[in-house]
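As structure tokens, the structure follows; a few thoughts come after it.
Labels A, B, C, D and E are assigned to the chains in the order they are written; within every chain, residues are numbered from 1.
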Amino acid sequence: MVMMNEDPATLIPELALLAGAVLAVLVGAWTPRRRQGRVRVLALVAVGVGLIGTITAATKPPSTTFDTYVLDTTTHAVRAIVLVSVALILWWSRDAVAAHPRESEFTALVLLGGLGAVLMAGAADLLLLFAAFLLASVPLYALAGWAKSGATTEAALKYYLSGAFAGVTMLAGTTLLYGAAGTTGYDTLPEGLATGAAGPAAVGLVAVLAGLAFKAGAVPAHFWVPDVTDGTPPPVAAVLTTIPKIGALAAMWRLLLDVPEDIVPWPLLIAVIAAVSMSLGNLAAFSQSSVLRLLAYSTVSQVGYVLIIIAVGARTPEAQPALLFYLAAYALTNIGAFAAVAAHPARTVDEFRGLGRRRPLLAIALVVSLLGLVGTPPTAVFVGKLTAFTAAFDGGMAWLAVLAAVNTVASLFYYLRWIAPLFRDESPEPADESSESRTARHGAVTAATLSLVLGVAAGLILPLFAAS
Amino acid sequence: MLSIVVFLPAVVALALAALPDTSTPRRYTVPWVVTGLVQLVLVAVMWLQLPPSGYGFVEQVAWIPSAGISYHLGVDGLSLPLVAMTVVVFTAAAIYSLREHQRPKSYVLLFLALQTVSVGVFVALDLILFFLFFDLSIVFMYFVIAGWGQGSRARSAALTFFLYTFLGSLALLLGFILIYLAATPHTFDIPALAAQNPLTAGGPVAGAALLAIGMGLAVKTPLVPFHTWLPPAHTEAPAAGSAVLAGVLLKMGTYGFVRIAMPLLPASWRQFAGVVVVLGVVSVIYGALVALAQTDLKRMIAYTSVNHMGYVLLGVGAAGLVAETDAQARQLATTGAVTQMVSHGLITGALFLLAGALHERGRTYDMGAYGGLAARTPRFAGLFAVAAFASLGLPGFSGFIAEFQIFTGALGATPVATAIAVVGILLTAGLFLVALSRMLLGGLRYPDAPGTPRPFPDLRARELAAIVPLLLLATLIGLVPRTLLDTIDPASRVLNELVAR
Amino acid sequence: MITLALFVVLAATAIVAGALVFRVDSMARATFLLLLSFLAVAGLVLMTGLQYLGVVIVLMMVIEMVVMAVFMIMYMMNPAGLMTMTMFHNTRGAVAIAATVFVALAAGALVVDWPVRGGVPAPDLTMALGESLMSGQMLTMMTLGVTLFATIVGSVVLATGRGRYDRLGDDLGAAESDDRDRGGVGR
Amino acid sequence: MDVLLVALLLVPLIGGVTLVVVRPPRAAVPVGLAVAAATVGLAVVAALQRPHIGLPLFDGVAAGFAVDELSAVMVVLVAVALLAVLAFAAGEPALGSGRFVGLMLVFAGAMLATVTATTLPPLLAAWEVMGAVSWALIAHHTSDPEAARGARTAFLTTRTADLGLYLAAGALLAGGVPTLAIDALPLVAGGWRDLAVAGIVVAALGKSAQLPFSFWLSGAMHGPSPVSALLHSATMVAAGAYLLLRTTAGLQATGWAAPLVAWVGVSTALLLGLVALAQDDLKQLLAASTSAQIGFMVLAAGVGAVPAGVLQTVAHAATKSLLFLVAGAWLVRVGSRRLDDLRGAARRHPVLGAAFTVGSVTLAGVPPTGLWVSKDAVLAGAMATGPSLYAVGLAAGLVSAGYAAKALWFVWHPSPNPVEDMAVAPAGERVQAVVAVALAVAAAAAGLLALGPAVFRPDPAPSGLELLVSGAVAVVGIGVTWRVAGRLPEPALLLSWLRLERLAVVLLVRPTRQLAAALARGDDALHHRVVLGTGRDAVRVAALIDRHVERGLDRGVDGVAAGARALGRTARRPQTGQLHQYYAQAAVGFGVLAALAVLLIGVS
Amino acid sequence: MNLQAYLVVAAALVSVGLFGALTQQSIVMLMMGLELLLNGVILGAAAFWYFLAPAGTEGQVLIVIVVTAMAIEMAAGFAVTTAIYRAKRIDMTDDAAELRG
């Protein structure tokens, strides 16, 4: 009866992340402080193994493993995106964390957070989803407070308390959904809901979505985003605003597609969240002078755009490639923007004056990332937004596409408010070269380049994401 | 073939980038000139082999098939003349810049990149591809102005230029997406969209698309009141940059009208043609009047660009007033508008290069600082007078061919607007004559050249080689217009049929 | 009848104890009231036949509350209830929200047409649970296991004042760990 | 045939452009004369052969050229005038440059194209090129600011009128003449015909320095005299009248245009005659008299007396170019153009003086000179239309005798204080004498043409009585003026050409420049106020147009901007930093969403 | 005993917990509120299992998860509290409000 009915080999990417994290902790415990770089190498090897495992797995037909975990295009795509994101951030954060007493732990926590995000995306059971949610949260609470300064601990506290509240809500929602459907597996959810009670199902679904919205940073669970982004070092902020989002949005997608629209009318709910997220994010970013807060609000609005795709997910086949592509594009672009911030000591828009002359490549990378977030061709987010608009239009939510378009135009203003000083004359006081980070600069350039490559190569990538 | 023409400068730029840095300008400028000449030969070959109807030299490669985006190039009678003009203006700029000493390597690389995207805009048959080239032109031009600007405010002018035109381009993109969404299957392919005509019925969606696209193009064109980026950008830009900016980049806006707005949104174009006409006429008069009051030569020329682009709008707007006018009139108006784009590129390019030559000698654009140059520098005076008369639309030059057709074609459709616009050629005549009298006639007067007391040489061979061909071409078009019109006419006939659908 | 009485007593205990958690002026008392509430709920769970889980809850909560008490003593104000606490904010709004939630949930519970009971409990519930954990929900349990690992790592990161490099030197080569209190995990 | 016409047009054009570009230091005059002579030959052959040609120009519009009965006269006239003027100018070394000779040739080419054009585009093209070349010719002495100003005024005024031709072209097309053929004017439909005719009339009046455009001719007198001889007497100013003569059918067809043209013509003849009478400057006098004499041609066009008009054109061309050339020669020698300073010039240069006298007598319309015949032919036509036109025309004739006599009186009466003439190369002087004599003969004998080919034969022919009356008027006019010439009043109004230029400046030029300056200021302000993100920019433009609109719009845009900012603030207000408020807000948010979900279920 | 009774009790616990989470200034007290909320969830899960789907084991697993989650969250919470106390001598959420806007 108790049989290993599944093959652990199907979980190579996840196991690689786990092994990387465990090894990071173990090896780190016996590594001199200044030589913790080997831990990062180890982690990158683990990510590499995971990527190979992902590519191998992606060639196989979709399947379910361990009864509760789906291996399909979505999972593979999220694995790849998360792995690449983790690798990128680990690489460019080198200058920021190297020789830090807790450098090994940083690596381990990032890997664990990534593992949680991947598991969320693949989970096909509410219970596993919640477990993965916890795994995606707890390491990141620690990561938020990793630097242990006043601001970061406050950020960690807010992140933790928001997360705990969201987690509790999500558990309550899971319970309600379980009550309504009598089951927690996605495969049995539709029939369970068909005979169950719709009201508790709807409330339960909203509560579960609350947890996922917290991870994704969507309104109204977005409050932690600006404060935490502002309070933590840019590499950490990059992790927090990128990796869990990917897992949460994919998880939302997977869950909602198994909830029949006619029992719980979730598309409209998601549309409302999408509309409010993008509008509120943009409006709040308008007169921000802190670049980190500005980026934070911009991530809120970006989630809004992704939610558009999810809202019409069940209505058009274009939605899946659109979603996955957008996630990939967003991850690269957002990481690029944060890397650019990390590369430079400036934290307000004005402090970026004259960067274009001093560090032209960095400035260009930043511009590419920001214009990428706007959605300018040929960056990846443009294709993402285009597919999102198309999906919304074809899915009968044209109003959402229009609102998104208006928001896109509005967003240009605050991004330009940041871009403009880059090319103005320098501020009088000389820049402090020592506080600049070379790896972050390289990371910014790399991420920006990748986002361009992804945009240009969208023709090759999109069909891959379209496979079921 | 077309890809070679488009990307030749980019390839040369990459090759030059690999060269070690040196301060010898010729190492970079000579290959640039050669590139331009090779491109010219290729364009000439294409001109001879252009099919009588439809697109020639089409290249289409799937790019993002699921989003209906492809790498699609092609030329027809609307675009080939502009391609030719672009290459000519760039080559003239290259010759003019042969001795550019200030960071010659990056200068040439930027211009080569700009050359690629400028040609690219005119041959792109995919909206996204068009947009890419369109946007990149803004980026490269920004660096040209910011890096080689002549004034102290160059960077801020460049930034104004960038922000303004970039905002415009975003509007453009939204318009494109609207059209894309309206089409089934969704596509960004211009010929496919023109054939499909997804927004046949007009309506609010088509109107919004036209508004967005119109805004985007109007900023680049520029039309009053979206023109405010233009004068500072021109004042600060280096001569070759101004020539390219006015000669080539402005055409991207007007070309967008004939390539995209008119054939893809015919119903709305017809509906709002009156607005287009009014905008055109306002630009004509406003541009001419403001130019009239300028004392700075470059600003004056810049404002005449606003005026000249207004005629184009008048022409294409009148072509949209299908009900009020017959086929021949629309034909004249459209062909005139396209001719005006070519003509303005050549003439204004020459004017800006002349202004640059003047600045090199006197270090100021203030017209009041010069006088009686006809006696001191007859070659400069002669060429400047020729360019000025060409610009004010004197018969015998290309401008007349363009403007006469526009007026004649447009009068039937919008008599009042046309009658007002005709006053524009009087105003330009006035302002150019005032400028000519001020600078060329009267007592001799000029600022000291920097460093040395008072040498004020006439145009040198390099400058002549850059400017004379431009004016010669403008004259040739003016005297023997059929070579050009035979190419444009069939294409504008097709265009008018598309608009009249 | 006994069942009903038991239910009422346990339910009342759970709710009242829970409510009193926020009414008493001592954290220590609050902690024990919370424990009481948990124990009552454990009792209610036991009433549904889930002996194993009921016991688990009891054990877990006792330990947790003890830990919590330790934390009280470590940092919190007024651990022994010697001073009165004023630790509320936004009471009015919270009352409104909580009351609304209660009304909505309770109304839902009463109004909703719940589905009929499907199937009967397995004869050995603990066995069934174990089987489930080892088969269908195995990955969930593995994930929770990893989460516990992450919690340990994370808690150490956050809570430790002095890391290994403080104690053993940057090269971890110190002969003896530099602890303020002797007896730490050294070498 | 075609080649002949093409050659006729291109020979002077190409020759001229080549001279301008190459600027041979010494060969300019000989080459110019050779080209002019060749042009005369070509013109004569063309006048006999009557070639025509149509070159494709625009879509459905050809560039048509033809030498018909009317233009045959003009091509020969233009070619001969060119040759004569160039030959005469060869006597002045200052005018021997490639630029001057070349431009003269280009001008002649343009004039030839104007008179032979059969469709509007080439007509307009050549017409405008004439204007531009005249600018360059008037401003030939580049260091003379007065010349520059005069050139500008001339070009801008004529171009203002030229706008009429642009409109006429559009009107022709809109009125159903896709070929833009000029002779199709009467066929144009509806109101478009009125517009087309109006455009042509305005353009012609402007070019011909008729009222109210006459003043530009005054400024143009700052140019070299040979320029005046060619442009401002024989050719360019006559082009307007010629165009009207070509389009009399169209003028008649509208009903209003013909009388209007006739009255403008006759008024110009009278008023500008008076202006001429009041001038104290020989060139100004001649210029005003040109306007007046061309008024007779315009009158002819208005009353449909085409042959009379042609006759007047030819006779006037010979007369006036003679007078301008001789006057120019004297001006160079004396160094002044004031009549007072020119006293006795005829006495010191007897050959030129004799020629000048013949010319003046012709100008006065004394029998049996050319202008006597032609003017009477015109007046006969006017009589056929109405006696009032005739009466005013006759008065104009009287005035013309007056100004001719005034000029004559001054050049014959010796100055109280003797003047020293500047020396001129003897070779040049001989050529000038020959040319002057030839022109004098032509002027005097032009009347004979009325007996020649049909194109000159007036219809209705003037009656004997009319001839007699006008002859008598001329003689009386001369006689009276001769007595008072030295002390004729010179009222400021007339001296300043009816203050027309001032009027144009005050009414048109100055407001335009003020508007331009205001707009430019506004536009500059626009740059400084570029505020990203508010779109306020666009609003500032409106400010220049309408203050009220601006305020409204400004409020609107400011409102939008402020609204956006306020919304932004509102959007950030929830971000208090207080966690418990985040909790409450999130709880409420998800509560609302849950309620919405339940509600939606209820609805569906 | 029926489902509704259990659920009303669970709802009461949830509401009380929510009230605590919303009102408590002290971080530990706030966490207690969340615990109490989960307390209600446990009861609800047990009730759902018993009254609706006793055949499966998901309800039981859910309770296991809730209990585990409580432990994990408590551990994480205490760690965060310790960290912020070390860094800023703060144990009240109201004092941790430097990041805002």
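Here, a contact is a pair of C-beta atoms (placed from the backbone, for glycine too) under 8 Å apart; a residue touches a chain by one contact, two chains touch by 3 or more.
These figures come from a predicted structure and were not determined experimentally.
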**OP:** Touching both chain B and chain E: give me those chains, sorted by label.
**Re:** A, D
Subject >> Of all other chains, the one whose Cα centre sits farthest from chain A >> reply: D
Original post:
Does A-E or A-B have more contacting C-beta pairs?
Top reply: A-E
Original post:
Which one of the chains is farthest from chain E, going by Cα centres?
Top reply: D
Original post:
What whole-Å value do you get for the distance between chain C and chain E if each is reduced to the mean of its CA atoms?
Top reply: 7
**OP:** List the centre-to-centre spacing of chain D and chain E in whole Å, with centres computed as mean CA coordinates.
**Re:** 96
Original post:
Just how far, in Å, is the C-alpha centre of chain C from the one of chain B?
Top reply: 72
**OP:** Report the inter-chain centroid distance for chain A and chain C in whole angstrom, where each centroid is the mean of the CA atoms.
**Re:** 30
Subject >> chain D residues counted as touching two or more neighbouring chains >> reply: 532, 572, 575, 577-580, 583-584, 587-588, 594
Original post:
Using the touch rule from the top of the page, what residues of chain C touch 2 or more other chains?
Top reply: 89-90, 93-94, 97, 101, 114-115, 118, 131, 136-137, 140, 144, 147, 151, 154-158
**OP:** Would you pick out the residues of chain A that each touch at least 2 other chains?
**Re:** 127, 131, 134, 138, 141-142, 145, 148, 156-158, 161, 165, 179, 182, 199, 203, 226-227, 416, 420
**OP:** By the touch definition up top, name every chain pair that qualifies.
**Re:** A-B, A-C, A-D, A-E, B-D, C-D, C-E, D-E
Subject >> Residue ranges of chain E touching chain D (in the complex, touch as defined) >> reply: 18, 21-25, 30, 93-94, 96-101
Subject >> Contact footprint of chain E on chain D as seen in their complex >> reply: 572, 575-580, 583-584, 587
**OP:** Could you please specify the touching residues of chain A with respect to chain C in the complex?
**Re:** 1-3, 5, 18, 21-22, 25, 29-34, 65-69, 101-102, 105, 108-109, 112, 115-116, 119, 125, 127-128, 131-132, 134-135, 138-139, 141-143, 145-146, 148, 156, 179, 182, 195-197, 199-200, 203
Original post:
Once bound in the complex, which stretches of chain B touch chain A?
Top reply: 62-67, 69, 128, 131-132, 135, 142, 146, 155-156, 158-159, 162-163, 166-167, 170-171, 173-174, 177, 180-181, 186
Subject >> Residues on chain E engaged by chain C in the complex (per definition of touch) >> reply: 1, 3-20, 22-26, 28-29, 32-33, 35-36, 39, 42-43, 46-47, 49-58, 60-61, 63-65, 67-68, 70-72, 74-76, 78-83, 85-86, 91-92, 94
